[in-house]
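What follows is a pair of complexes built around subunit A, which joins subunit B in one and subunit C in the other.
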Partner chain A sequence: MEVTEASLLLRRRLCDPSYIHSIFKSSPDGNYSKLKFIISNSINEACNNSVLLLGPRGNGKSAVLELVLADLKVEHPGIISVVKLNGLLHGDNNNGLKEIARQLCLEFDLPFSKMASSDENSELLIDILRECGLAHKTVIFTLEEFDLFTQGKQRVLYSLLDALQFLTSQAVVIGLSCRLDADQLLEKRVRSRFSHRKLLFITPLKDDMQRLLEHLLLLPKETNLSSIYVVEFNSRLYKILDSKEFKYHLKKVIDIDNNISNLVMFLYRAVCSMDLKSGFLSLENFKKAISYFHPYPKQESLRNSSILEFYILVCMNRLDAKEQISFNFNSIMNEYKAIMDAYKTSDNYTRNVCLRAFEHLLERGLIMLTDNNVRCQSIEFRPVKSLISPQELHQALKAYNPCPVLLLKSFNNECFK
Partner chain B sequence: MTAVTKLATTTTPAKPKRLANPKSPKTHLSPKTPDKTPISRRSSCRKTGQDSSRRGLKKRIYYSVVEYDGEEFVVGDDVYVKRTDDDVEPSEDEVEECRVCYADKNCVMLECEDCLGGFHLSCLNPPLRKVPKGDWICAFCKGRKMGKVVEYPKPPKGKIVKKTAKERLLASQLFAARIMSLWKEKDGTFGTNVCWYVIPEETNAGRREHNLKRELFKTNHFQDIEMESIIRHCYVMSPKEYSKANDQGDDVFYCEYEYDIHWHSFKRIDEIKSSKNDDGEDADKDKDWNLLNEYISDTEEELEFEKESIKVSSVNRQKKIGRAPNSHKGRVLGGQRIGIQKISEHIRCHKQTELERGKGAVRLASLTKSLPCREKEMTEITAFIKGSISEDQCLGRCLYIHGVPGTGKTMSVHAVMEDLKLEVNRRSMKPYSFIEINCLKLSSPENIYKVIYEALSGHRIGWKKALHILNSRFSERSNKCKNSDQPCVILIDELDVLVTRNQSVLYNILDWPTKPNSKLVIIGIANTMDLPEKLLPRISSRMGIQRLCFAPYNYQQLQEIIFCRLDGSNVFDKQAIEFASRKVAAISGDARRALEICRRAAELANYRRKTSKSDFSSDIAKDSNTGKCFVDMDDVEAAIQEMFQAPHIQVIRSCSKLSKIVLVAIVHVLCRTGMSELTFEKLAMSVSSLCSNNGEDVPAWDSILKASCKLGECKIIICNDASMHRFQKLQLNFPSDDVIFALKNCQEVPWLAKYM
Partner chain C sequence: MIREEEGTPRRMTRSNLCEPKTPIQATSIKKTSSQFDQTNALPVSSVCMTLDDLHASLPGRRMQVEEILNLLGPLDSPMLPLFLYGGTSTGKTRTIVQIFHHLNRPFVYVSCLSCQTPKILFESVLDQLASHKRNSGNGYSSFKQCDRSSDFLELLRDAVFSWRQKSSNVCGVRKEGNGKMIYLIVDNLEVIRHWGKNSELLSLLFKIHDITRIMDLGLIYISCNAGPEIYYSSASSTEPVPIFFPDYTEEELHQILLRNHENPKLYNSFLKLVLKPFFRVTRRVDELSLAFKPLFQKYCEPLTDLSVIPDVSLTRELYQRLRPHIAFSLDEIFMVTTRFSADATETSEKTIVRKRNARKLVCEELDFHMSISAKYLLVSAFLASRNPATLDASMFDTKGDIGKQKRKRKNSETTMQKENTKAHEMLMKGPGSFSLERLLAIFQCITSVSDICVDEDNEEVVGDDNEVGLMSDVLLQLSTLCDANFITKGGSCPLESTRYRSSIDEDMISKVARTINFPLSKYLYRG
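And then the complex of A and B:
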C-alpha cells in the first residue's frame, strides 16, 4: 500500500511542471521572481508592458509563466484576466483577433458573435482594454510560439502593441519562443512598439541540477506514509545519488540533452521501473531507464530489416561508392544481379519480391525518392537515394546476427578495405 | 416657494416620468450617462424645433438653469437631497462649530483629515498661527491611533450640537445627487432628473480602510424627483479638482469611481471623457461663442447629427439586448460588467516613490505637454493644412510624411490637429472634418473606403458601394448639402500597407484630391522614404510632390525628450541618460526605444533595491541625502544589453556537451572547407573523429541528429527537415566568431579549444 502510494506521489510530481519548477521560486536571480516582478509592477503601477521569454524547449518557459500567473491570481483576486494564444493556431490575423475577442468576452461574461469582422474585433479589444484600465483590471496576453505570430503583416501583434502604446491601461503581452532571434523577426514598426524585455531560460547549472534531483525524488516527511519508510527511502536515495556509478550514468544522459524535461523523462522511467516488492529505488532502475533511454530510431529500424532489404541497401551503397550520382530501382537490380551471378547463393529472389522489399524500405524512410513529381512514373524508374550512411550500415550488419558472409563480404569489398 | 426661470428654451420629448421618493425601489431607466454638455450648451443659445405636440398633455418645459428658493441650479450641479419628507430644511446660517470650544467665532478653522472635525487655530494645543501645509490630523485622532483613550471636550451644557449637511450625508441621513436635467411640469411644479451618489457604506463592499472620509461614488442610477426635495448645493469633485480645492467650504466631496448598482462593481470615471468636457466648457467661456456665425452653426449641426446617430444606435442596442458587443462597432455593451468588485488596497494606498514617478514619466502611454525637437516639422504640417483649407485650394493637396518608426510622425500630426481644433473653436479658422485611419488595423486594403465613408456619414455599407458613393461625392460635389461642403483632412497611417498588386486602392484615394471640388486633403505616413518611387508613375505623380521627412533623432534630441518628460526630477543619472540616448541614436534614433531603455533601467534599479539585503526605506533616505541618483549607469547598461544583445552566447554556453561538440565540429568543417554550409553526413563524420581522437565515447548518429535538430530549433544553426538525414544541410545562424568566443574557455570540454 505504502509503496504504491509513494510511487504514485513520485509519478504525480514528475508529471506536474509547476511542481518541478517551483524549486526555483525562491532565488532572486531566477526567472520566476524576475517575471513576477515585471507583471506585478505593471499591476501596481498601472502601466503596460511586453516581455519575451526565450530559451530552448523543455526549460520551463510555459511552466514558470503558469506558476507566476497562478500566484498573482491568488495575490490579486478578481483583477487578472488571461488571454492565451498560440502561434500555431492564431498566428493568422483574423483568427488571432477573433480568438482574443472570444476569450475576452468569455472572461467578462459577454455574448460573443462569431460573425463579427476583424475590424470589430479589434475595436472590441481596444474598448475592453480601456474599460479594464478604468476598472484597475489587468489583462495578460500570453503568446506561445511567438515566432509564428511574426508571419505575414503581423497585424495581431501590431494591433496589440499599438493599443498598449496609447492606452493608459494595464496590460501585459508575454511572448514565448524557442527561437532566440524572435525579436529580430518583427517588422520595424512592430519592433519599435515592443518593449524588448527579455528573459532567457537556460538549463540550470550543476548544483541546481543536484537540487532538482533531490527536490523531485525525496519523499516528504509530512505525509501519511510511515516515517520509518520515508527515512529509509531517502537515505537509500542519497546513497544512490552520491554514488559514482549513478553520476556516470546521469552524465551520459545529460551530455546528450541537458534540458529539464529530458531529465524528468529519465527519472520518470526510473520511477516506473521501481520494484514494488522492496519498495525502494535502486541503481538498477536508473540503469534500466538509460537502456530505454537511448532511442536510436535508425538503428532499431535497421535491426529489424530482412536479408533482402540489407542486400538492397548494400547495393545502393555500392552504387554510391561507384559515384553514380543518380540511380533507380532498375540499376539497383542490375547491381543485385551482378552480386548474385558472381557468388551463387540461396538469396536470389525474383524482381517482384525485390520490388516489395524496396517499397518496404521506402515506407520506413530508410531510402528516399529524390524527385517530387509523383504522377509521371512508376516507382521503379524514379531516382532514389539511400539515407543510411556506410558507417551505420556497417554497424547494423555487424549487429545482425545470422548475417550471411557474402553480404558482409560484398559490403566490405567496396568500403572498408 | 417661488421659482424664477432664466433663459427658457428647449423642449424635448418627455422622458418617462417618475416622481418617486428616493426610498422607493430603484428603477433602471438608462444604462448610459447622457452626454451632458452639448445639450446645455445648445439649449442656452438656440432652439431646436422638435415636435412635441404628439405627446400632448405630457408636455414639459426643460430648462438649463433654474432659480429655486433663491438658489440657482444648473444642469450638472451637485446637490443635497432630502431622504424623507420630514427632514428639516437646514437653517440658513449653518455654521460648523469648533470641536473644542463649540463657539462660533469668526476665524479660520482647520479640518482634521481623519475625523473631519473642525478646529479653531487658537483652540488647538499648542495654538497654531498659520494653516499648516499638507495633511493635518488633530491631536485626538493622533492619540486614538496610538491606542490611547481620548476624551473629546464636551459641548457646553444646554447647547444643541447641530449637524451640518455634510455630517448628515456621511451618516446617510441625506442623499447627494447630480442634476441631469430640469423641467417645469404643466401644473407649475419643478422636477429634475438626478444621478445619485452613494457613500462608501452604501456600496456592496462597504467602507474600507482606504476610502477617503469625503469619498462618494457616482452611480448609474437615475431618477426623477421633485425640485422641492433638493436642499442646496454641494460640490463633488474629480481627484484633480479635489487636490486643488483647499478652502472651498464644508460641502466638498471626492469622487473618483463610478459604482454600478446592478453589478456592484466599481470603475474609474473616464478621465478622457471628462477632460473633453472641460475643453468644451473652456470654449464656452470664450466671448466669441455668442457671436453666432454660420460656420459654427455648421459644426453644431454636425454635432447634433452625430448625437442623433448615437441616440439611434443606443435605441437599437436596447431593442436587441443580448447582441454581441463585438458586432457593435466601437461600443462595449456590457462595459459595466468589467467593473471591479472591490477597489483593492494597493491602488489607493500605494504611495509612489520617486523612482516610480520617474518611471511613469518615461512611459510611452503617458502624455506629454509639449513635443520637443519637432517644431520645424510641426509648423510645416500646420502651414500645409492651413494653406489648403483656408485658401480654398484643396486641389491636389497631398502630403507624404516618412521617417523611421518612433520619430514622432503620428504624434506630431495629432498635436497639429489639436492646435488647429482650438483655432477652429476660436473662429480664426474654417471648420473642417478630420478622419484618421491606421491601415494596419484594416482587415484588407479595400476596407479603407468603408471606414472613410462611415466616418463621413455614419452609415456602414460594403466597400464597393462605399467606393462608388465616395467617387461620386468627391468628383461631382453638389452644393446642396452643407455638411459635405466642409473640407476634409484624411490622415492615413502606415500607408505602405495599402499597396495592392494593381495599386488601385492607393490610386483611387489619391485621385480624389485632384478633383476640382473635392476639398480633400490627404496626409500619408509611412516608413520608407522611396515609397512614391516604388509605385506606378500615375500614383507617384499624385503623391510624391510634397514630402516631409522626419529624420531619426540625434542623441541631443533624445536627451532633450527624456529630460522634458522627466520634468526636473533627478531620478536618473544625467550621464546614464546621455549614454542611453547616444546608444539609441547610433542604432536607430527611435524615441520609443530610448524611453523604453530608461523605463527598463528604472525597473532594474527597483528590482535590485527590492532584492538587496539593505532596508529599502533607509536606502532611499541615504540616497537622497547623498544626492545620488536612483538609476545609474549600470542599470542603463544592463537595459541596453538586454535590449540589443541576442542571447545566443549564453545559450551556447549552457547547452549540452554533445551540442557543443556539434557546434565546434560545424565551425571546424566550415573553416576547413571555406564553404558556408555542410551536410549532416560530413558533420557526423567530423564529430565522430573529434570524439575518437580525444577519448570521448563516439556518439551514435541518431544522437548527433537530435542534437543538431535541437540547435536548429533555437536557430543557432539553420537546418532543413530532419527526414533528409544525411543529406540535411546545416548552416550557422551566427558568426562563427561568436561560437568560438562562447566556447573558448569551456570547462566541460577543454579539448574543444584545439579546434577553434
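And then the complex of A and C:
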C-alpha cells in the first residue's frame, strides 16, 4: 500500500509541470523572480506592461507563468484577473476578441452576448479595462503560442495593445512563444505599442539537472508514508544518483536532448517500471528506461522491412550510385531484373509483387515520391527518391539476421568497392 | 474480386477488437468501424480478462503489453500521454483495447479514419463521453454541436467533469475498479497529416494535455507508419512517451496465423511450406492471412477428410501439388489495385472508386463492348502517348516505308545508341501527353490505313464528305473515354489546349488492337 502510494506520488509529480518547475522558484536571478518582479511592479505602480517569454518547448514557460500568477493571486487577493488565450485556439481575430470578452464577462459577472461584433467586443474590452483601472484592479492577458497571433492582420494584438495605451487602464500582456524571433513577426503598428521586454527560457545547466533529479525523485519526509521507508528509499536513491553508471546514462539522455521534458520522460519510464514488490527504485529501472530511447527512428522501420523491400532499397541505392538524377519504379524494376538475371536466386518476384513492396516502402516513409501534383500519373512512372543514406542501409543490412548473401553483395558492389 | 477485399481487412481488424478473434476469422465477419464507435461508448466489459488471457490473445506483443501496463500504472494514477507507433497491422489498436478490457477501465476510442473532419471527431468524443447514442429519437444528432477547436476543449473539460460526477454517483453501488481516470484513444493520427488545412488539429490533439490540464484524462495516440519524429513540429511541451511496435517475426506470424484453426496440425504443415516464401515479401498479418485463405483451399483440395492428421508422405505429396500455385498466387494476391499514389487516394475517394471500377472492367471482361471508332480512338491515344511526336510523320506516312528509316538509323551506331537511351527514358517517364489535334491526326491516319476492316463492319467512319459529323462524334467518344478513365485529361492551361494522356497498359491495348485487327506493333516506336 505504502509502495503504491509512493509511486503514485512520484507519478503525480512528473505529470505536473508546475511541480517540476517549482524548483526554480528559489533562485534569485531565475526567470521566476524576474517575471514576478515585472508583474508585481506593474500591479503596485498601476501601470500597463507587456513582456514576452521565449524559449524552446518544454522549458517551463507556461509552468513558471502559472506559478507566478498563483503566487500573486495569493499576495494580492481580489485585484488580479487573468484572461488566458491560446494562439492555436484564438489566433484568428474574431475568435480572439470574442474569447477575451467571454472571459472578462465571466470574471466580472456580466452578460455575454455571442452575437456581439468584434467592434463591440473591443469596445467592451476598453470599457472594462478603464473600469478596472479606476478600481485599481489588474487584468493579465496571457497569450500562449504568441507567434500564431501574428498571422494575418494581427488585429487581436493590435486592439489589445492599443487598449493598453490609455493611462487609466492597468493591464499586463504576457506572450509565450517557442519562436525566439516572435517579436520580429509583429507589424509596425503593433510593435511600437509593445514594450520589448523579453525573458529567455533556456535549458537548465548541469548543476540544475542534479537538483532537479533530487527534487523530483526524493520522497518527502512529512507525508503519511512511514519514515523508515522514506529514509530507506531516499538513501538508496542517493546511492544510485551518485553512482558512475547512472551518471553515464544520464549524460546519454541529456546528450540526445537536454530539454526538461526529455528528462521527465526518462524519469517517468523509470518510475513506471519500479518494482512494486520491493518498492525501491533500482539502477535497473533507469537502464531499462534508457533502452527505450531510440535516437535513430528510421533504423527501426528499416529493420522491419522484408527482404524484397530491401532488394528495392538496394536497387535504388545502386541507381543513386550510378548518378541517375531521377528514377521511378520502372527503372528500379530494370535494375532489379538485372540483378536477378546475373545471379540465380529464389527472390525473383514478378512486377506486381515488387510494386506492392514498393508501396509498402512508400507507406513506411523510407522512400518518397518527388513530384507532388500529378494526380493522373500512375505510381510506377512518378519519380521517387530514397530517404535513407547508404550508410544507414549498410547498417540495417548487417543487422538483418538471415540477410541473403546476394543482397549484401549487390549492395557492396556498387557502394564500397 | 481480390481487390474488393483489399480495403477491408484493416477495417475489420478495427471493428472486431472487442471480441477475441484470429485475424483469419476476422475476414469473414463484416462490420463497419462506425458501428464499433457507436456501440461501444465507454465500454466496460462484464467479463474480466486475466493477465494470462491478455498475453495469450496478443502473441508476440508481450514486451509492449508489459510496458503499457507499467506506464498506465495502477488505478487512478496520472500519466503522461502515450504514443504508440509501428508498421501497418502490428496490433497497435488491438493491444491497447485489449489492455483496457483487461484493466476494466473506461475509455473513449476515436479513429481519424472514420471521423474524417474535425467536427465529426470532436462530436464523436463528446458523444461517447456523455454516453449519447445517435438514433431516430434524437434525429441522429450529436450530443453537442461542436465545430471549433476552442469550443471543443471547453466542452471536453465539461464532459470529463460531468462524466466523473455521474460515475462517482453510480460508483457507490458499482464495485470499485473503474477509478476516476478516463482514457482517450486517438487512432490513425497519420491520416490527419494529409487533411491539409486542418493540420492545426494535429497540434491541438497533442496539446490537449497542456491546454486543458485535466489530470484525469489519459491520452493515448496511435500512429501507423509514422514515428514520433514526424510529429515533432506539432508536439507540445510534454512530449508523449513513444512505444514502438515492431513488425512480427516469422515465428510470431506462424503463431498468429495458426490460432483458432479447426485442424491445427494440417494448417501447421501448410504454414511451414508457404510462410517462408511469403515472409520474404511481406510481414503484414492482414495481407498474409488474405493470401493464405485461397491457397489453403487449394492445399486441401485433394483431401477428402479435412480432419486428417498429415504424416510425412502426405505432406510431401500435398506440397508437390501446391508448389506451382505459390508463385502464381503471390503474383495474384499482391497485385496493386489502385495504381495511383497514396495521397491521391486520400484526396479524392470518389474518383478512385471510379478508377478502380474502370480497371476492374478492363481486367474482368476482356471482350467488353466498345464501338469500333472508340477502339480506334483508344489505340491512337495509346500511340500518341507512347510515340515521340517528332516521329509521327515517318510513322504514319502512308506512302513511305518504315524499312527505309531503319536503314538510315543503322548507319551510325552512336546515334542509334543515343536514341536507344532516349526512348528508354521515355518509357521510364510513362505515357506522354498529347494535344487533341495530334490525337485526331493519328486517328485519321490509322483509320484510313485500315479502311478495309472498317468497311467490313459497315462502320463508315472516315470519309471526306462527312468530316464535320465525324469530328463531333469523335469528340463525344473522347469524352466518354475520359469518363471511363481510359484517357486522362491534364490540367487545362488557358493558353494551351487541353493535354490528354492515355492511362491503359500495353497488354490491354494489344487486346483491343487484336479485336479490330490493327497491326499495333508496326506503329509502336520501340527505340
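Criterion: the second predicted complex is superposed on the first by the 414 of 417 C-alpha atoms of A that agree within 3 Å, B and C clash if a C-alpha of one lies under 4 Å from a C-alpha of the other, contacts with A are read in each partner's own complex, and residues count from 1 in each chain.
One rule holds for everything that comes next: a residue touches a chain if its C-beta (ideal position, glycine included) is under 8 Å from a C-beta of that chain, and two chains touch if they have at least 3 such contacts.
What you see is a predicted model; the values in this text were computed from it and never measured.
**Q** Label the relationship between subunit B and subunit C on subunit A in the superposed model as either fit or clash.
**A** These partners fit in the superposed model.
**Q** Touching A:R269 in the superposition: subunit B (first), subunit C (second), both, neither?
**A** Second partner only.
**Q** Who does A:P297 touch here: subunit B (first), subunit C (second), both, or neither?
**A** It touches subunit B and subunit C both.
**Q** Contacts for A:G365 in the overlay, against subunit B (first) and subunit C (second): which applies, first, second, both or neither?
**A** After superposing on A, A:G365 lies in contact with both subunit B and subunit C.
**Q** Per the contact definition in the header, classify A:D109: touching subunit B only (first), subunit C only (second), both, or neither.
**A** The answer is first: A:D109 touches subunit B but not subunit C.
**Q** For A:E232 in the superposed arrangement: first (subunit B), second (subunit C), both or neither?
**A** neither
**Q** Just to be sure I read the superposition right, which of the two partners does A:E2 touch: subunit B = first, subunit C = second, or both, or neither?
**A** In the superposition, A:E2 contacts neither subunit B nor subunit C.
**Q** Which partner does A:R57 contact after superposing on A: first (subunit B), second (subunit C), both, neither?
**A** both
**Q** Taking CA centres, what is the subunit B/subunit A/subunit C angle in steps of 10 degrees?
**A** Computed from the C-alpha centres, it is 120 degrees.
**Q** Tell me the contact category for A:D71 with respect to subunit B and subunit C: first, second, both or neither.
**A** It touches nothing on subunit B or subunit C.
**Q** Of subunit B and subunit C, which one touches more residues of subunit A?
**A** B
**Q** Name the contact category of A:D208: first (subunit B only), second (subunit C only), both, or neither.
**A** A:D208 sits against neither subunit B nor subunit C.
**Q** Superposed on chain A, how close does subunit B come to subunit C by Cα atoms? Whole Å, please.
**A** Nearest C-alpha pair, subunit B versus subunit C: 6 Å apart.
**Q** Could you tell me which stretches of subunit A are touched by subunit B in one complex and by subunit C in the other?
**A** On subunit A, the residues that contact subunit B in one structure and subunit C in the other are 57, 294, 297, 365.
**Q** Enumerate the contact residues on subunit A facing subunit C in the complex.
**A** Its residues touching subunit C are 4, 7-8, 11-12, 14-17, 57-62, 86, 88-90, 95, 99, 144, 261-262, 264-265, 268-269, 272-273, 276, 292, 294, 297, 300-301, 303-304, 306-308, 327-328, 330-331, 346-347, 349-350, 352-353, 355-357, 359-360, 362-365, 369, 375-382.
**Q** Name, in rising order, each residue of subunit A that touches subunit B in their complex.
**A** Within the complex, subunit A contacts subunit B at residues 28, 33-34, 37-38, 41, 43-48, 54-57, 76, 78-79, 93-94, 101, 105, 108-113, 115-124, 127-128, 131-137, 153, 155, 158-159, 162, 164-168, 178-181, 184, 188-189, 191-193, 195-198, 200, 202-203, 252, 254-259, 294-299, 365, 368, 385, 387-389, 391-392.
**Q** Which positions of subunit B touch subunit A when the two form their complex?
**A** Spelled out, the residues of subunit B in touch with subunit A are 265-270, 322-335, 337-344, 346-347, 350, 352, 356, 359-360, 363-366, 404-406, 438, 440-443, 447, 451, 494, 497, 527, 588, 590, 592-593, 596, 599-600, 603, 606-607, 610-611, 642-643, 646-648, 650-651, 654-658, 681, 684-685, 688, 697, 699-703, 706-707, 710, 713-716, 723-727, 733.
**Q** Give every residue of subunit C touching subunit A within the complex, in rising order.
**A** 67, 70-71, 73-74, 76-80, 86-88, 148-150, 153, 200, 203-204, 207, 210-211, 215, 225-230, 235-239, 241-244, 246-247, 277, 279-284, 327, 330-332, 334-336, 339-342, 344, 347-348, 427-431, 488-490, 501, 503
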